[in-house]
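Two complexes follow with subunit A in common, the first pairing it with subunit B and the second with subunit C.
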Partner chain A sequence: MLSQVADRPLVQGDPVAVVDDILEDADLTATLVREAGFVPVIIAPPPPSIEHLLSRIRNDARALVCDHRLTGTANVAYYGAEVVARSNKDHIPAVLLTTYADVDTQSIRRWRSGIPRLLRRGRESDPDTLFESLVQADEEASGRYEDNRRAFRTVVRVEGVRTVEGTRVAEVVVSAWNPSEVVEIPLALMAGAVGEASDDQLRGKRFMAYVNIYADTADELYFRDFEEAPEVPEGWPER
Partner chain B sequence: MADEHLRFAPEILRRLGEELVPHPDLGVIELVRNAYDADASSCHIQLQDANEPGGKIRVEDDGVGMTTEELRSGWLLLGRSRKIHADAVTPKGRRTVGEKGLGRLAALRLGRHVRLTTRSASMPGLEHTLLIDWNDFDAVEAVEDVVLHIETRSSHAKQGTELQITDLVSGFMKDDIDRLARSLLLLTGPFPRLSKFPFKLSLDAPEFSRLKRLISETFFDEYEFLLTAQLDEDGQASAQLVDWRGETIAIGDHHQIGSARKGSGRRREAPLAYSTAAAQFELWNFNLSKENFDLRSSRRQVNEVRQWLRAVGGVHLYHRGLRVHPYGDEGHDWLEMNLRRARSPEVRPSTNNAVGRVVVTDDGNVLTAKTDRSGFVENLAFVELRLFCQDVLDWAAQERLRLRERRRDQAKRESRVRVDKAKDEAEKALRSLPPQAREVAEQVTENLTTAFEERVQTLEDEVQLYRTLGTVGTTTAVFAHESSRPLARIEQSAGIIDRRLRAVLETQYTQELERHVGALISSAASLRTFTDLPLGLVSRRKRRPAIVDVNAAISELLDIFEPHLSAADIDVDPQLSDSNPKMRATVAAIEAIVANLLANAAYAFTVPAARKEEDRIIVVRTATTDRLIEISVIDNGPGIDLTLIDLEDIWLPGKTTREGGTGLGLTIVRDVVSDLDGQVHVKAAGELGGAEFNIEMPLA
Partner chain C sequence: MTGGVFPEEEWIRDTALRVIVLDVGHGNCAIIQDGREVAVVDAPKTDVLPSCLEMQAGPVVRHLILSHADEDHIGGAEALLAHEDIGIQQLWVNPNSQKYTKTYVDLLTVARDRNLSQGLQVSTNLNVGAGESLSFGRVRIEILHPDIVWAGVGPNRPGHPVGRITDNGMSAVLRVSLDGLPAVLLPGDMNAAAFNVVTSSGADISAPVLVFPHHGGAGGRNDEELASRLCAAVRPHLIIFSIGRRRYANPTPQVMAGIRTSAPEAHVACTQLSRRCSNVELDPRVFEHVAADIPAAGRSMGLICAGSIVIDRSGDGIAYRPLRADHQRFIENHVSTPLCAPAAEA
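Presenting the complex of A and B:
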């Protein structure tokens, strides 16, 4: 059994857990992990409880590569994004490898602050990228963030609220990141700060949140710790 | 060998008292709970200069009081668990609710001096008094070194207990008093039919009077929906949903309630039983809109109900007749109603538009109070109790959605009946006119009806067409989506094969296998276009109306098409305007126009022996005038064969010269351009000899 938190950096030869609901995919990822110089430990299919899964990862591995959609063949109630975020929080460096990075944007965004790197299966699954990603996750576990992952408290303005495929989504603008691009985030991320405001009341409302405003693309953005922004001082021009 | 005892330093009193129970109001509430356990029918709390140090608190009840023995073995014994006398029932039939005595300790420690006076119902004519001076404890080494005396004297006063805490160490803040007032008022609740034995509480603070006025005028009869659910001793759930007319909307059994919750998009199996105490859950859900109040002919003001809900809203948990803090307090939405409403607002209650209670007697003592009195330990029994309530909420939301759908269908049917009825009435009115006027009126009406029916027919045809297109789109998206996984597998496997064989076979690999593996990799990249394109087109971001950078949208689309077009040996020449044109549209609309025209042009090159030029070229051009943007897609293919189709017919749905074509692409282009207030023109043989499409639309 490995210690919960290793007191040294991740090195080649370390065991890396590979979590996937489909054995065939797990096997491919394991080959990649081996090519990157690590020893793969396959967990496929994952257990129904995320706590059990995290416990197995803690016991058997020093790092993690996890698929996002784990419900294809396994009866689980969690997404890989949550596993990766919680694993990184446990100081076990983890990266998310998924085919559906561009589709599952909301379920990934919810946990994005704890996901240092998001790899697209096929296009971004080569050993060098995987190695770099795990090292970056290891660095974050030690509190060293790259600029595009560092969060700053900034203003987030709600442009609109919609229900999309059963999920409530807020369309927000983060002017400090890009004043002319609308980003969709799950409204649940803001639930504590939103209170009981109706959709109409939310439109145009400003919040403060921690956002990694140096992110290169919208899908790299993460949001946390929303709170209502102070009122705009009287006399300030309305946008 | 001498006998020894564990001893406790006086500091333990602070640790177990004021540090463990941080809010003074919680301690006071604990004294009130003691009064409840003493079968009191009333309890009065007086705060005298309590907002500053040196003030005084007085708590008085008319309960059964305590004998000296009860004082010794109960009141003065701290930390004893309720489990010791788990089945205790008072003469009035109340299940006792007091716990451990740590909350009481916290209350007593609010001041420097405590005076307890009690007269037991079992020993009338006697009064016992006990004094505690906390300063005495500062001077000793261990708690038990301070000797306390119970003085007994005769008294003709009625049974009951009075507790005075004087010389307060620090004053009650306004928030503490507000919280205390609310906690007291909600302790037995504003709800109907809670307890067989009334327990009247009062506090002489202005906030209490204000809140009491607000809370005591209840508005339960203003509900839009009332949800009641039961969990029986065997853990089996049942529920019913009633609307404001008193009509039962739905009745749910254990299986329906247990499987109503959706997790990760799939329906959950109902549990065999909820492993917790028997419970009753009621939720009054209000519709705080003026229309709804008018509909129900309510004479109350929406605002009154809103203010009342602000004070009492949320789901409160009543354990053995008394409310348990903090469930239902502001910011403690233990059933996550607000979060669930945020996720899916339709027909969901929130703490601002609903008030409810969960009533538990807990005969089996499965719920365990936390030592700091902030609710119950989150053990299996509590988690399952919460799950039961949440499942009931999900079930109710699902039933209300179904109800709404039924009403929508009904409205659709009724609208047809209304049209027929209106026609009959119009005909009747026409018949009653004088003959000359009737003829004119009949003609006018007929014209109007015909025009109206034509309009309806056009819209119905369009709905039909777009339903077909929608099906094509969703099917394509599903296949694209499902193809992603095997495609990723091919890409990943091809990459592995490439790297491994290169390392093992070296030159032999580059000579014999590299180009075949390369073909595999480039074919996979080409296939990727076909999955990315439809998935990209259905992206929500692209369907949002905005000021669209047309060049950027076209460039992104050309990137997606690039592998497909280059595989067909087609060069795209983007001639995009330097003026960076922007227009009010959706990215999806721009893509729909250009993608369909590109697909058409690409197909044109595949018509056998029709190509005139060696190189296959498609020009995509943007240009601007004062107020318009012009998008052109021009190819050097064979052009449009006018012997096969009239030029004006190319826009019609289903018209195509292409084998296996849907004939819908150009229809979409026409409709999208029209929606954007633009115009589209076509030349069968344009600038490069092939087809040329020019679209003009207003700039932003």
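Presenting the complex of A and C:
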């Protein structure tokens, strides 16, 4: 049971789980993990139950590198983003490695708060970057966040609502991050604060949420803990 | 003004009494510090401001003062208000119906949230009527503009009985004194109409350091005249242009001509290298003349001229860094066509 060693920093030589639905891809990732100085533990294909997968990771590995789309050949109903986020929550440092970072934006965004690093296969899949990413995840597991990953309570303004590939998404602006850029997020993230509001009622509405407003790029942004924003008092400031 | 000897203590010392004009690129931002208490004047979007404040463990931000509602003065205010490590006690804003944008309401919403959760005070009377409300400790901050009438009218359309008031004309004009000595004039984006109102009030706007309004550019056809009249009234030893080279080519030759007329001996210091002065980015290793312990937006990009400028109450007077001689040496060695050099007059 390796989870007992999570009290110490991740070091080279530690076992790192490699989760992928395609064995050939898992082998490629395992090579990368080995070159980064760790011992790969391949789990391919993943089991149908995410609980079983997380349990196996806890038992066999000190960290995790996970593919995002796991549904290719495996009979699973979850994404790698959820596995990574839940693994990090369990204090097992994990990073996401995928070719679909710019396509599966909503399924990744939903779990982005628990994904310290999102690595794109190819340009970001080198041993040094993987090592740095796992160390960063290990730091977050200990509560130490880099500036671009720290979340602050701020305003999220809804500009519109639409459906993207079957997922209801809100088009939002986070002025504290960039007042000129709209970001799409799954409406499900806001479910508790939105209530029964219609799309028309949501348009223009403001919420308070925790957002990592010092993120460098839109794909690094994460959102959590939505609440309805307070109204600005009438005449404050006097117009 | 003592331009030669500058104390080299860390700026975070408890006894520091100073104004830091931060290099934020195009925009304005000044930190006014008395020990652990500070006031921040304008907050454009930049990492430099929170970084500088975070250098001081547990700073007490007495006032966050937003001179007016232009993006290059308020774009980072919302992020600053959201920052958990930086406690702000009071936010000062000016009403501006013409800038009541979605982004501005976002800012006010964050302010309201902090007002409810942390007791942030929000004041909307940033005008001469606020008197000494901004002063704290050994720092005196005089509000010289807008006056009561302009504040009551706000930005308007041409033909108004009071006269045309633009967004820039509503910009707050502040004079900062350190332990009884006038130190810095912070006029925001003050234009000629606002300058006329200030001077006709009889207010003393003299200060050894002038942060030139509107980043030294595009004020209109009377740029040269305004620069000349402004410098004659302020009588500055140091004139700072808070600029970024990427968006605008400031300061304009007209502004520089006006300065030469009224303040020919003044030290002119741009926070970043103007496009008019140099078209190359420099190796950051040549920035030995700048305050190394103060963050500056242009440092990593190789765009610093004077960088972030520290104005300190020192001994019997006001001192600043980078020192004039050091800055001059940097310009001579690394800037190909310096607008501030006497030869540029021709």
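The rule is short, and it goes like this: the second predicted complex is superposed on the first by the 233 of 239 C-alpha atoms of A that agree within 3 Å, B and C clash if a C-alpha of one lies under 4 Å from a C-alpha of the other, contacts with A are read in each partner's own complex, and residues count from 1 in each chain.
Here is the rule we use: a contact is a pair of C-beta atoms (placed from the backbone, for glycine too) under 8 Å apart; a residue touches a chain by one contact, two chains touch by 3 or more.
Source: prediction; values computed, not measured.
Once the two complexes are laid over each other on the shared chain, residue contacts for A:V155 go to subunit C alone; subunit B is not touched.
Once the two complexes are laid over each other on the shared chain, residue contacts for A:R56 go to neither subunit B nor subunit C. Of the two partner chains, neither subunit B nor subunit C is touched by A:H91. Within the superposed three-chain model, A:Y100 lies in touch with subunit B and out of touch with subunit C [touch as defined at top].
In the superposition on chain A, contact is made by A:E171 with subunit B only, not with subunit C. By the touch criterion stated above, A:E24 is placed in contact with subunit B alone, subunit C being left untouched. Touched residues of subunit A, counted separately for subunit B and subunit C, are more numerous for B. In the superposed model, A:R203 makes contact with neither subunit B nor subunit C.
Shared-chain residue A:G122: touches subunit B; no touch with subunit C. Those residues of subunit B lying in contact with subunit A across their complex are 262-266, 338-339, 342-346, 350-353, 481, 484-485, 487-493, 495-496, 499, 524, 528, 532, 535-536, 539-541, 544, 546.
Taken in their complex, subunit A has these residues touching subunit B: 24-25, 28-29, 31-32, 35, 71, 76-79, 99-100, 102-103, 120-123, 125-127, 162-164, 166-169, 171, 182, 184, 186-188, 190-191, 194-196, 199.
Subunit C meets subunit A in the complex at residues 47, 71, 75, 78-79, 82-84, 93-95, 97, 100, 102-103, 105-110, 112-113, 116, 122, 124, 154.
On subunit A, the positions that touch subunit C within their shared complex are 152-155, 157, 173, 175-177, 179, 206, 208, 213-214, 229-233, 236-239.
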